[in-house]
Structure formats: structure tokens, C-alpha cells
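The structure appears below as C-alpha cells.
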Amino acid sequence: MKINDVILRTITRIIVFIILTFGVYLFLSGHNTPGGGFIGGLVLASAIVLLYLTSDIESIRKSLPFDFKLVAALGVLLATGTGFGSILFGVPFMSQTFAYFELPIFGKTELTTVTIFEAGVVLAVVGVVVTIILSMSESEEA
Amino acid sequence: MNNLVVLPLIIPIMVGVILVFLRPYIRLQRVISLLTMIGVSGLSIYMLNVIQTDGIIRLDFGGWKPPFGILFVGDSFAVLLVLTASIVTAVCLIYAFSSIGEKHEKMFFYPFVLFLIAGVNGSFLTGDLFNLFVCFELMLLASYALVTLGGEKVQLRESIKYVVINVLASWFFLVALAYLYGTLGTLNMAHISERVAEAGQDPLLTTISIVFLLVFSLKAGLLLFFWLPGSYSVPPTAVAALFGALLTKVGIYALFRMFTLIFYHEPSITHQLIGIMAGVTIILGCMGALAYKDVRLIVSYNVVIAVGFILIGLAIATPTAIEGSIYYIIHDMIAKALLFLLAGAMIKMTGVTKFDQMSGLIRNSPIFGWMFFIVTCSLAGIPPLSGFVGKILVGQSAIEAGSYVLLALAFFSSIVVLYSLLRIFLNAIFGETIISKEDEVPLKKGLLIPVVLLGFGTISLGLGAEALADYVSNAAYTLTNPAVYIEAVLGGDE
Amino acid sequence: MIEKILFTALALFAISILIALYRIIKGPTTPDRAVALDMIGVNLISVIAIVSIVLKTKAFLEAILILGILAFISTIAISKYVERGVIIERKSDN
Amino acid sequence: MFSVNFAIILPFIIAAFVPFIYRRFRFIHIGWFVMLVPITLFILLARLIPSVASGQTFTDTYQWIPTLDINFTTYLDGLSMIFGLLITGVGSLVILYSIFYLSTKESLQHFYVYLLLFMGAMLGVVFSDNLMVLYVFWELTSVSSFLLIAFWNHRKGSRLGAQKAMLITVSGGVAMLVGFIMLHTMTGTFSIREIISSISGFTDHALFMPAMILVLLGAFTKSAQFPFHIWLPDAMEAPTPVSAYLHSATMVKAGIYLVARFTPVFGGDQVWFWTVSIVGMITLFWGSFNAVKQTDLKALLAYSTISQLGLIMSLLGLGSVALHIGYSTESVIYTQATFAALFHMINHSTFKGALFMVVGIVDHGLGTRDIRRLGGLMALMPFTFTVAVIGSLSMAGLPPFNGFLSKEMFFAATVQISNADVFSLQTFGIVFPIVAWVASIFTFIYCMIFIFKTFLGPAQPEKLDKPIHEAPMGMLISPLILAAFVVGIFFFPNLLGNYILRPAMSSIYPTFGDAFNLTPSISAWHGVKPELLMTIGVVLVGAILYKILKKWKPIYGLFSQKYTFNTLYNNVLSLSEKGSGVVTRGYMTGFLKDYIAYIFGFFIIVVGGFLFYSGAFSMDISTNAPIRLYEVILVAVMAIAAFAMLFAKSRMTATLLNGVLGYSIAIFFVIFRAPDLALTQLVVESVTTALFLLAFSHLPDWKKEKTTIKTKWINGIISIAMGVLVMLIGLSVLNYNKFETISSYFEDAYELAGGANIVNAILGDFRGFDTMLEVVVLFIAGLGVYTMIKLKSEKGGDKE
Amino acid sequence: MNGNQIIELVAALLILLGSIMSVISAFGIIRLPDVYTRSHAATKSSTLAVLMSLLGAFVYFWIHDGIISVRILLGIFFVFLTAPVSGHLITRAAYRSKVPLADTSTEDALKEVLFPDEKIKANS
Amino acid sequence: METLIILLIGILVTVATYLILSRNIIRVILGTAVFSHAVHLLILTMGDLKRGSVPLLKEAEAPYTDALPQALILTAIVISFAVTAFILVLAFRAYQEAGSDDLHELRGTNDE
Amino acid sequence: MPAQFLLNLFIAFLWMLLKDEDELRISTFIGGFLVGIVIIFLMHRFFGSQFYLRRLFSIINLLFIFNWELILSSILIIKQILSPKLDIKPGIFTYKTELQGDWELTVLAMLLTLTPGSVVLEVNPDGDIFYIHAMDIEKSKADVLRSIGKFERAILEVTR
């Protein structure tokens, strides 16, 4: 009898979205509450891993046709790039700036370069974790 | 603030990441990676001169003043090493172009090398102890990737040892850091130095310093070198050359920094211990160099001998001694890279690894053979090649300090080095050629050029030692006067 | 009073974990251990909740959710491993 | 104006061009071109002889490493002049000879490059004023000698001979270097002249004696003094011009030069006297004694060279007494030993050079040097024979050849010294004339062997591959010129004495001023003195012993081959290799476990040892934060989980237990108020567990470890010691009177960095650099994993 | 003791009840004979225990600090959602990896479907 | 509390040491994992335990607990994760190539 | 698709909830909505089934049932654990359901799992037969058969 994963897959559909949202939340709110790029990225990666767990690599690849190595590379580039950006502005490497802006809908909002930096971290973490897990799963057995 | 000093780290990293995107374009990768290393070398020369005129360069990342933020500190010692490392890397890259193979090149060989050198440079430049840990890890991860690159059976087998032992070393590093933070409450090296001085380096701090000694000795191959011969003899030649030239030097650098800047108050304990370890290292290294017929192993044990030699300078720790060590480090980086490249080329030409199974290689490639002879002489400290200046200074300081045992070991080791390499030279390079005219494959130009470049390096470093003299003496001055470093870091704005 | 109750509850949860640990060690099968591990995860959620009350902070409430998520994912992973030998399939046959 | 530096550099410059010229002008023997170098230099030097003889010196400086006081400072005085002339003069003749000796089929471009390198280096040695530069050239002579000995490197003997020579001379050089550095430490300078002028203040210095011994080691190894002489016979594997040039006329005299040069520095010391003269005497005897039993002509000459070098060395030792006594009319007598040394050195170069060339001719023409296959060559090789006779008789110390003069002076010096009033010489000094006499008898014998067994007696053409024939004329020019010198010097010794030797004496005895104007002129006849009687005795006894050679030759068999210095050398090398192998393989087991145990061992012994030895351990639990019951239970959970890992029967259990540890630590992070940590730890632990499971798909389950009880115990002890030690240091650190941490600064994170989560502000901003690198680290791990899995070795192919 | 404190006390008692329940279900996974029955204890009473303590925490924060902690509610929701799925997955995995049913088991409708030829019985 | 945690660290180190001295590669890797657990706890303990409130400025009142060790541990956790991932893959690749996961069999003398 | 819109709203709410702010702010909602757009954009291929907001009441009803079953079953298990003598006869039996579709099946399975003494072990490939493990087969089987109709009805109210 073939395995029928209907229960798992159905529940996963809800749960993946909860986890994804939670991951983005952790990433963005890390500046003031627990969280941040790493943990956000890890949680997002867990969501993707959950998808792989409940389905298989090939079907997920159709839905998420990213090369996760490049996602990670992009993340690293973003993270290092924000640091490097400060050189162009003539301030010490890795200078982060933050400011409060009045935005139409959001009202008083804090915008900081740390967020860009952390976005890089998120992408890198997601990219790396998924790359590792996919590579290990795809490896032929001995 | 001087953003210059971060470039030797950040440029290789960013270029490395960009090369990941350029994965299919091998030629482009080669050009970019080589240009990067040349650029970093040029930059380091510029920095050396800036230091010479304006003093130590410092960069507080994010503008956070020490001791709160992380900072890079470029003094002559660090930048000299950055310079040498970058040059050696550039040369090894050229060697890799025609030896490493397209399969490796497509598997991120160049990014890994660039990350490795970034970690190495970062370790030299950082002024923060925890950041040093992170830079070490950067370097190590890249080295893990490189040492396994290719996936040969022996490679993977030795890699396990290499990785596990380094993981353990990193663990000890963290333990030591934890203890140090627990006692001193700070991570900035200059600040640590200040606080150690304030506390008078009591027994507990000395205990902790010995834990650091353990950590860096593992990296440097000082006494704790058993991981080295295996893991340096399995990766592709270009990688082995990089390892032989760079990796132990980072540990050596850290030992010098640690025991001149921070834990210099109890030399009768720490420095004496370093001296004993250096002596034993030399003895064991010499034995290793004589024990095997496998050229890669002989070459690896030569690395060990050099480590002991260099650390004698630290054990004595007078300005002359330190100066000698610095000369010797620079010499050794170049000569060892050359030696590893040559050993690799020998194995490639003959298909065997033991020197008694090779013969008459000089007929196949005279330049190659003579380069081997030059590096033999250079490593044995035969003047006017690069090894001898450091040897004289270390010897001089040992005499002044009355460390006759170390003196004897140091100088005796150069004879063993000579013998160990002469054996290879006479058996493998000289002698009746075993390769028939038909099978004779002349070494590719791409392999000869780097070899010649390094050979030229070791000659000109000896003949042109004066060109380095100002930088080296400045480096030694900074190392032997911790106050200079501390003032540059903590003495307010530059 | 309340604090005493809370600490008692913490101790009891900790004991549950200890007991579950026994099952992990004892086994005898991997599913037994997985059940016990899941149980430990769930109990840790309670511990975090109570510690949050004791420390009067909301800082750890994210951890509750995370732990829930992870316990679930771990259970899936272990059961797939037990059931199929691999936890992620290249192409599932159904 | 003549530049000494130019003299040194010229050979090197020409050497650089040799390969190109060789390729261009294949049809001309490149030696002709190369020969111009020593001839030019010889002429240049010769023109300076009168000025030098009048006490003028020439100096020249190029900066090299001024910071370290290492500069190309050169100095031409009487002493270096002798050597300069020898090097260039003999050099010219040897090259001329080599043009006929080496066919154009040989790799001449290499040969002449090495030879020029040697020439430049040798000139550098004798002209350098700076000790470090002297050392540079000193080693370069060893290197070029190595290359020349190994010229026919397809021969195993050549390679081993080259290796032996290189190892011994370089070792001596290293010792000498240390001696030089010690001199620098004492005097603060590397300049020989400055050292000589300031050394008197340092004779009591603790380094004086070691420096002396070390410098002498350099000299003795280079000049093949007993027991370092063993390399010289093996060096005979070199082409004969090389043997003539390096291994008899010049390089081996570098040690003589060094001793002469340093006589003003150390010469006043008793140790110097005894060491130099005794070592010289032993070498003299041992060399001549062994020369007799040789059957290879070159070997015979090699031992003869050793012996003659010993003679010169011992003379230098004897002459140093004068410095001990200080300048006086009486002491000047003793300087004659030194004078004799220099004189004999020149003579030796002439006759020995000629003899080597003779052997070269024989070898070249007949294809053998084996005395047992030779004989009766006189008739067919008259010129060669003439040279051989002149050289041999001079070597034997017979008139009318220059060897007679210097040998006589040698005997005279030994007799004088046995009467000297210092160093208890009146008691022990008698040894010198006796040894000198005995050694001279053996010298006489081997000279006879050389003449009689090779050129006289019955010819044995059947044992030869080629017919006996006279050498081409070109090949004879050089030996004939040298032979002419051998004779010429006998008749006009004072030309040499006044213009060449006397100026050198002032260099060796700088404090003696003009005293050497008093030096008696050299003459062949000065009445019936002890030295003449000794010579007569040598001839008589020598002749008898030669006649009955067969009867007493068996005594050589008494010297077991097991106890020679050659055996020692070989044993040292092979035993050091074997011993190293045993030791190294003993601890380099290849087992990861052992390597790890070494690391733990270091930590436990060194760190732990120091912790207790220094009394750094302390603890105080009174300041601890309070403990709750549930915390104790959770600690117990972790402890039990950890221990259970050790006994887990399946990897799955162990991995799950590790997961329990990880989760529990996360709870401690909660308890210790570290929310970010708790979150990260939880996720990382889960992902790690998933990775373990992924890896398990590719690995077999673990088997029960087959370890012995003993290993278990050792591992257990190491483990407990590790745990306890980490704990004890931790407790001590907790009890440490601690500095304020820098962390309070970060509590202004909101104002400084715009973030209320301090940890996040540290990670993103204050220490954002760490985070950036950490991302890169993670990235490398990801890429590394990918490559490891995708890039698999193809069995067989693509081996780097 | 005012009303709030009483409610807080009730919340604390809820937590205590949860903890007692937790211990009992933990005891269950020791005492019950096979993995299938143990998973009943884990998926049900253990889940209820955590739900009770989370509810207690929710109430406590609400009353004490005036915070409606949606994160706790979300946590409750999540546990609620996942607990039965976990139980389902792990028992299925156990069965498919041929973990035997307890000796006392009387009926096995799945055996003939999955492993018609084998005997799955007899626990250790 | 500090003493108790240090004791725990000691136990973890003991176990980790014993594991890393094993022959089976997975046990070695687990040893490194336990080592990193121990050192993370150690770093935290070397700051102060249970003194001050969570380092969230808007959540709690000063004094705050020492946030720096927390940041350091975070970095260390991520790095040890990266290394663990690498070494796990290394282990199974070595097994694939060499056919053994026993370090005694993976010994490889230096001069083969 | 309306369902995606609903999911988006859901994420927006989730976002607001997670923010856990003292007052409800429209900006937070919009922020969440934007986050939702991003997530759904990335994940839209996964979105298959529908979301039924209008049947909120039914859902609440279902939730109530869930909770009730959970409590009942917990009490049952605790009783059994604490009973001095373990007197249970576990076993596996089948149940064929009328329900169709992933959601219906899933919810029913979850309910069954939470029902006292039973855990759904397998669902057959056609999705109509449940293999249920019962703690004490005689008693549980009766319980399940008694309550299963109630569950199916409650679920159908939500789904159809």
C-alpha cells in the first residue's frame, strides 16, 4: 500500500505560511525584539525544508526554481556590500545609519541600513541551509 | 579612520562572491582572481609606506571607538605578512591556472582561494580577539573546502583529521576567549593588554595565556603539528603550496601578537615554554624530514622545522630576535610555496611520490631543477638567499640572550634541512634520467612561471634585504613596545 | 504563593522531561524515542511559558512558537527517516 | 684605480653570460672565453704587488644591508693578495688545462658557470672584510664545489661525494657563522679589521672561547682537517681540473686563509695554539699514512693534500705562539712558522696542481687511475713523466724543488717550538718534530709510489683499454708551467718572500710593525742544522721502508673498516634516517584519536600543571546566583543525556540525545535571559539534527567499538581530567576580581544604533563586522558541501 | 487578595494542573506497553498539558500586565494543529518500520494490507 | 548557579572528550557538537548568570544582563553549525570513497 | 483568486498579531499585507484549495469539538495510566468515511486522532479508509463509531 500523505500535506499548507510569516517577522523586528537576520533566515529556511520534507525535490524545484547557491551569494554580496557602501560615502567600513522618516501610510518609521545588511544575512542563511540540505539529499548513495 | 586597511579582506571576499556568479566563465575567473591578488599586493605596499610615514593605521568598523567596536590595526608586522601572503597567493594562482583542472575551477576553486586569503589577511589585521576567531574560521572553512576539493580517497581521509583537529583547536580558542572575557571583560587586544598589565598578569591570567598558547600552537604547528604532514600532502599542488606558505604563519602571527602585545609579563614561564616547544618542534621536525622518502612528507616536515625556528625568535623576544623572525617568516612563506610547487611538479612529472623512485628530472626541465636547488639552499639558510638574514638575526639574539641550546638547535636544523632536501635533489633531480625522450613532457610554461617568480623572490629577498629593513625594524619595534600599539588603538582619534 | 506554584509546576515539567529522557535512552525503537523527544519539546514550551511569567518578560514568547514549529518539523523528519530511510526524496513515487 | 669588488663580481657577471655565449658559439670551446677572466684578474692583481708589498692596502665598499652592518666591504692586503694570485693564477692554468681535458660533448656551459661561480666566491672569501659577506662567499664555495663534484651526476659516486662534501663543509660553515655572530656580539662589528683592532679587550669574554672553536670548525672542515677530512677523497669524483683547482690549490685553503686571518684575533690564546697545531699535526700524519695505501692515484693525491693541509695548518698554529709572547726579538723567531706555512701553501699549490694534472692526463689518456693497472709510462709519456717527477720530489721535500725549502722551514719550526718557553712546550713540544718527521717519511713513501708504480717498472698495456700515448701538447702546458714554478721558486725564493710573503706576515701579525724586515731570506743551504738532518733521515728511512713496503703494508689491515670516520659518517646518516623513521612513525600513527589525545595531553599537563603549580586555582560559591529545583533537574537531564550518549547503542539514539542537550541548553538560555540565543539555538539544533539524519542515509549504523579495556581507561582518565580542568579554571575565573566589562556601553544601543535589542545591535552594528564574516563562513560551508558532493574523484584519471 | 490576584492564582493553578498532567503522561510513556499506546499519551494528555500551561500564561499576562499575547495564542493554535499530525506520522512510521504491537493487542487490520506474509507480533 | 553550570560544563566536556576519542566518525562529530554546547554555556557563564534583565531596552528595566557574550555565542553557534554541516558531509563522502566510517580503518599511514 | 486574497488577509492579521502592539494600527495591517503579498507571490504555486471565511461559525464549532475531544481523551488516558493494573487490549481497525477532499479528510483524521483512545495510523491511497489504532480496541471502536458521525457532520457544515 502506497503511503498517503494527505494529512501531512494539508496541514503543511497552513503551517508553511505561518512559518514564513513568522520568519519575515523575526527578521524585520529583530532590531527591537528578539530575532534578526540569522534567526529569521533560519526560520524561513525551515519553512522551505518543511516543503521538501512533505513533498520531493523535483516538485519543489518546479515551484521554487531558484539556484539557492546564488541566493546565498546574493545575500553575502548584499551584506558585504552594505559594509563596502560606507567606503564610498567616506565613512568607516560597516557604518550603519538609521533615521526616522514620516511615511504616508506607516507614519513615523525607522529606516536603517542594518535592515539591508540583515536582508543579506537572511538570503545567505536561507540559501546556504537549503543548498546544504538539497545537496545532501541529492547525493547518490554509496 | 582609514578604510584602506579593510580592503585586503573585503576585496577578496566580494570578488570571491562575484566569481560564484561567474561560475561558467573560467578564463574570466582566472583573470579577475589574479588581478585581485595583484591589486591587494600593491595596496599592501602602499599601506606599508603609509605606516612608515604616518604610523600605525587603524580602522574602527562602523565608527565605533575601541574598545567597544571591532577594528583593524595595520602595523608593519601585519601588513608585511599581508603583502607576502598576497604575493604568494597570486603566484600560486598562476600555478593553479595550468594545473588545477577545469573541474576544480568550476567548483569554486577561485572563490575558495580568495576566501582563504581574506581570512588570512583578516587574521593579520584584526585588533579584536573574537574577530580573530572569526577570521580564523573564515580561513579554516575555506581551507576545509580546498583540502577536500577533488574528493580523492586519501584527501577525504586526511581531511577528516585536519577538520576535526581544527574544530578542536577552535573549541580551545573559544574556551580561552571565555576565560579571558570572564577575567578581563573586554575583547579589544590593546585593551586586553592594558588590563593584563594593570592586573600584573597574575597566575590565572598566565594559565589562560597558556590555553591561548595551545590554540595558536596548534594552528602554527608548534609542537602540536601532527595534523600537518598528512593534510598538507593530499590536496592539489597549488593548494598545498598555499597551505604550506600561509596557514601556519597565521598561527605564528597570532603567537607573536599574543605574547608580545598581551602576555609579555611572565617571559620566564610563557616564553620559556615557547622556547622549549620550539626546540622540541625542531627536533621532531628534523626527524620527520629524515624519516620518509615521500617528497610531500619531507616538504611538510620542513614546514615544521621552520615553525620551530621562527618561534625561537619569539622565545627570546628581543628586538633583534623578533626582527630575525619576521625576516624568516617572510622568507619561509615564499620559499615554502616554491618548495611545495616543486614537489607537486615532481610528482606530476613522474607519477610517483618517493624520491628514490625518481631520477634525472633536471634533464626534463633544467629550470625546474635549478629552482629546486635554489630553494634547497635558501631553506638551508645559505646566503645570499632569503633565509640567511633571519637566521643571522635569530642567531645573534640567541647568543645575546645566552640561549645556546636553542641556538644550537636552530643552526643544526638548517643542516638537516639541507640534507633532507639534498637527498631529493641528488636522487630525483640529478642522476640518470628515467623518463625516455618520447615520454618526456616538458613542464608547461604556466607551471614554470610561478616557480621562477618565487625563485626570483627568494633570491631578491636575500640580495635586497635592505629594502625590507626599515619595515621590519619598524615591525619589530612595534612588537617589542606594546605601548606603541596600545597608543595607536586606544589613544583617541588618530 | 503564585511564585511557589509556578516553581512547583516548573519542577514537575522538568521531571516530565527527565522521564521522557528515560524513554529516549531506553528506546527500544526509534519511534519510541521520537515520541519522547516530541514530548520533551512540548514540555519545554511549557517551561518557557512559565519562566516568562517568572521573569516578567515577553521576550521568550517567540521561542514558544519556534519550539512548536521545530518539534513538528523534527517529528516529520524522524518519521520519514524511520519510514523510508531518507528524509527528503528526489522524486516521490506518489 | 683597481676595484677589489670588481674582481669579485667579474666572474659572476661572466658566469651569467656563459650559457648564452655557449649557445651562440658552439664551435669554439667556451673555456677559451672563460679563461680570460682569471687572466685579466691575475694581471690586475699582479700589477698591485709592489704597492701591497710597500704596505698599501685597497678597500672598497658597496652597501648591501647597512641596517644590519652587512656590506660588501672588501680589503686587499698582503694575505689576501697571496690567495688572490693563487686563485686567479692557478685558475687560469686549470681552465687552460680543462679546455683539453673536457670535450665539447660535455655540458660545458654548466661546468664553466660553476667554475666561475667558484672563482668569484673564492675571491670573495679572501677579499671580504665583512664577516657576513665572507660567510656568503664561503658557503658559495661549498655550493659551487658541490656542483662541480656532482658534475657527472649520473654517477652515484659523484652524487654521494658531492653530498658528503656539501654536508661537512656547510656544517662547518654554519658553526663558523655562529662564531662570527659571537664575534659581532663581543665587538659590535662584522668588520674583520675592526674586530682585530678591538679584540684585545674581549679575550676574557665568555664568548671568546666558543667563538674561537666555532670559527676553527669552519676552517677545519673546509681544509679537510682530521677528522673532517673524509669528504676530500670522495670529492675526487669531480673532473680532474676541479680536483686540481678546488680540492688542492684553492678552496681547501680557504680554511688556511681563515686561520691565518683570525690569528691576530685568537692567536694569542693557548687553546688556539694547541688546537690548530695538534689538529694540523694529526691531519698531517693521518693523511700521509693513509696516502700510502691508496691504489687510486687521485685518492693518493687526495690523502696527500689532506696531509699537506695539516702541515700548513700546524705551522699556523705554531706561529701563533709569537702573538702570545708579544712583540720581541725572541718572538719573531716563532713567526717563521707562519712564514713557512704561507710559503708551503704556495708551493703546495704548484706541485700538487701539477700532479693532479698529471693524473688527469693519465686518466684521460688511458682510462684508468689505478696504480695496479699502470706502470712504465715513462717511456711513452716523457713530458708527463717529467712533470710527475718534479712534482713528486718537491712534495717529498727534496731539492732542487720548492717543497724542499718549505719542508726544511717546517722542520725548523717544529724544532724551535719544542724549545719554546711557553705553554709547557719544553715538556710536550718534542711531539711536534717527531710527528713531523714520521709524517714526512710516509710522504716520501707515497711520492715514491707515485713515481715508481706509475711511470717506472713494467708497463701493463694489457690492463688498459687504450694504448699508452703522450698527452696533447695543450694539455701539457699548464702542468709544465706549474713545474717550472716548482723549480723556479727553489732558485729564486726571495722574490716570493719579499714581495708576496712578507706583506702577508704584516697582516697576520699587525702588532709586529716592521719586524718582518728582519725576516731572514730564504736559502737552500744554511749549514748542517737539525732540519737538514731530519730531511736526510726521511730520505734514508723512507727509501728503506718503500723497499720493504710489502712487508709492513698489512698493518693497514689492522685498522678495521668498522671504525673509520667514513663509517661513522655513513652510520650517522643512515642511523639518523632509521632512528628518525622509528621515532616519527612511533608518534605519527595516523590515528586521529592519538593526535587528539596529544592535544588533550598538552592541555592537561601544561595548562593543568601550571594551574596547580602557580596556585592560580581558587573558588568561592558564596557569590553565586540562587538555584531552583527545576534548574537542578534540567541540569540532571543534560548530564544524564550526555552520559547516555556514551553508551548509546545506535547513532540515532545518540543524535537524539544530542538534540535533547541542544534543546535543554536553549532553555538555559531562556533562564539566563538570552532570548536571541534561545531562538537561534533551537533552530540550529533542529537543523543540525536534520543534517545528521540526512547524513545517516549515506552511512552505516555504528558497530560496537572494539576497544580494549586499557584504551577505555586511558580515554576515561583523559576525559575526566579535561572536564575537571575546564571546570577548575572556570571556577577560578568566576572568582577572579573582575574588571568592569565593556558591555555597559552597549546599553545605549537605542540612542547609538537605533535598536532596542542590544544583542541585535551588537550583531548588526557594533560588531556587525563579525556577523558579516560569519555569513561568509556559512556561505563557504554551503559551497564546500556542494562541491564535496558534486565533485567526485574519477578513479584513476585527473590525478593532480 | 483582589480579583486580579485571584485570577492570577487560577492561572497559576491551571499551569500546575498542566504540569501534573504532564508528569502523568510522561509516566504513561514509561508504563504503556508499546510505541502505539505511548503515542496516545504523548499526543493527547501531553498536548493538553502544554495547552493548559500556555493558557495559564496567557491569562496571567493578560491580567497581570494587561497584554493580550497573541504569540501565546498562536502557539496554542500551532500545538493544537500539529499534535495529532505528529501522532499520526510517528505511529505510521513505526508500523511501516515493523515495530511490533504489544502482546496484549487483539486485532490488526493493517497487517494483511501492508505485510500479508510476515508475522508482526511479540514485543520485547 | 554558576558553580552548578560550571559543573555541567565539566560533565559535557568529559563526555565530549570521550566521544571525540572514539573510532566511529559519527561519535567524533557528536563529540564536537557536545564540545560546542559546553563552550557556549561557558561563555555565557563567564558573563554573569541570572543577574540583570533581558537585554531588550523596551522590554525591561536596567540593569541588563551582559549582552556581549550572547552576541559572541550567537556567532559561535552559527559557525559551529557551518562546521558541523561540513564535517557530516565529509564523513559520508569519506565513507563513500573509502568504504569505512571507522577512523582506525581510515588511518592511512603517512607513507603509503 | 479570492482564496489567495483571503490568505493574504490572513497573513496581514497574523502580522498584526505577531507585532503584538498595544493598539491596532492600520499601518501594521498594511505592513502585514505587503509581507503577505511577497510571501504569496513567492509561494503562489502551492496554493491549491480554498479558504472559507464565511463559515467561521462552523469553524468555531469544530474547534469546540476538537477541544472537547482532547480533554476527554486526555482524561481517559490518564485514567488508564494511573490505573493500578494495565488492562488494555490495543489493536488496529478500519473505518470507511464518506468525506472527500484533502481538507475534509485531514480534519476528520485529526479529530479521530484526538478522540479518546484512537490514533489514525494510515489513510489508504484512495483516501476513504482510515486505519485506526485504538488504545483499548473494544471500547474505543464503539466510541469512534458513535462520535464519528458527529464529526463528519460538523466538518461538512464547514466545507460544503
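By letter and in written order, the chains are A, B, C, D, E, F and G; residue numbering begins at 1 in each of them.
Just so it is clear, contacts are C-beta pairs under 8 Å (C-beta built on N, C-alpha and C of every residue); 3 or more make two chains touch, one makes a residue touch a chain.
A quick map from chain label to UniProt name: A = Multisubunit sodium/proton antiporter MrpB subunit; B = Multisubunit sodium/proton antiporter MrpD subunit; C = Multisubunit sodium/proton antiporter MrpF subunit; D = Multisubunit sodium/proton antiporter MrpA subunit; E = Multisubunit sodium/proton antiporter MrpG subunit; F = Multisubunit sodium/proton antiporter MrpC subunit; G = Multisubunit sodium/proton antiporter MrpE subunit.
Keep in mind the model is a prediction, meaning the values are calculated, not measured.
Trainee: Taking each chain's centre as the average of its Cα atoms, which chain lies closest to the overall Cα centroid?
Mentor: B
Trainee: When A-F is set beside A-C, which has more C-beta pairs in contact?
Mentor: A-C
Trainee: Which chain maximises the distance between its CA centroid and that of chain E?
Mentor: D
Trainee: Can you check how far apart chain B and chain F are, centre to centre, with Cα atoms defining each centre and the answer in Å?
Mentor: 28
Trainee: How big is the gap, in whole Å, between where the Cα atoms of chain D centre and where those of chain F centre?
Mentor: Those two chain centres are 50 Å apart.
Trainee: Can you pull out the residues of chain G that are in contact with at least two other chains?
Mentor: Correct list: 14, 18, 20, 109-110, 120, 122, 124-125.
Trainee: What residues in chain C touch two or more of the other chains?
Mentor: 10, 13, 15, 17, 30, 34, 52, 55, 57-60, 62-63, 65-66, 69-70, 72-73, 76-78, 80, 83, 86-88, 94, in rising order.
Trainee: Which parts of chain A, given as residue numbers and ranges, touch two or more other chains?
Mentor: Within chain A, residues 1-4, 7-8, 11, 15, 18, 22, 26, 32-35, 38, 43, 46, 49, 69, 73, 76, 80, 83, 93-94, 96, 128, 132-133, 135-139, 142 contact more than one other chain.
Trainee: So in the complex, which bits of chain B are touching chain D?
Mentor: 13, 17, 20, 61-62, 64, 67-70, 99-101, 103-104, 107-108, 111-112, 115, 118, 122, 130-131, 134-135, 137-138, 141-142, 144-145, 148-153, 155, 160-161, 164-165, 168-169, 172, 175, 178-179, 181-188, 191, 195, 198-199, 202-204, 206-208, 210-211, 214, 218, 223-224, 226-227, 229-230, 236-237, 269, 273, 284, 286-292, 344, 348, 351, 360, 362, 377, 380-384, 388-389, 391-393, 395-396, 399-400, 407, 411-412, 414-415, 418-419, 422-423, 426-427, 430-432, 463, 465-466, 469-470, 473
Trainee: Quick check: in the complex, which residue numbers of chain C touch chain D?
Mentor: My answer: residues 7, 10-11, 13-15, 17-18, 21, 24-25, 27, 30, 33-34, 37, 40-41, 44, 47-48, 51-52, 55, 57, 59-60, 62-63, 66-67, 70, 73-74, 77-78, 81, 85-88.
Trainee: Please output the residues of chain F touching chain D within their complex, sorted ascending.
Mentor: So the residues of chain F in touch with chain D come to 1-15, 17-28, 30, 33-34, 37-38, 40-42, 44-59, 62, 64-68, 70-71, 73-75, 77-79, 81-86, 88-93, 95-97, 101-104, 106-110.
Trainee: List the residues on chain G that touch chain A in their complex, please.
Mentor: 7, 10-11, 14-15, 18-19, 26-27, 30-32, 35-36, 38-39, 42-43, 45-49, 102-103, 105-106, 109-110, 120, 122-125, 127
Trainee: Please name which positions on chain B make contact with chain A in the complex.
Mentor: Checking each residue of chain B against chain A gives 1, 3, 6, 10, 13-14, 17-18, 20-21, 59-63.
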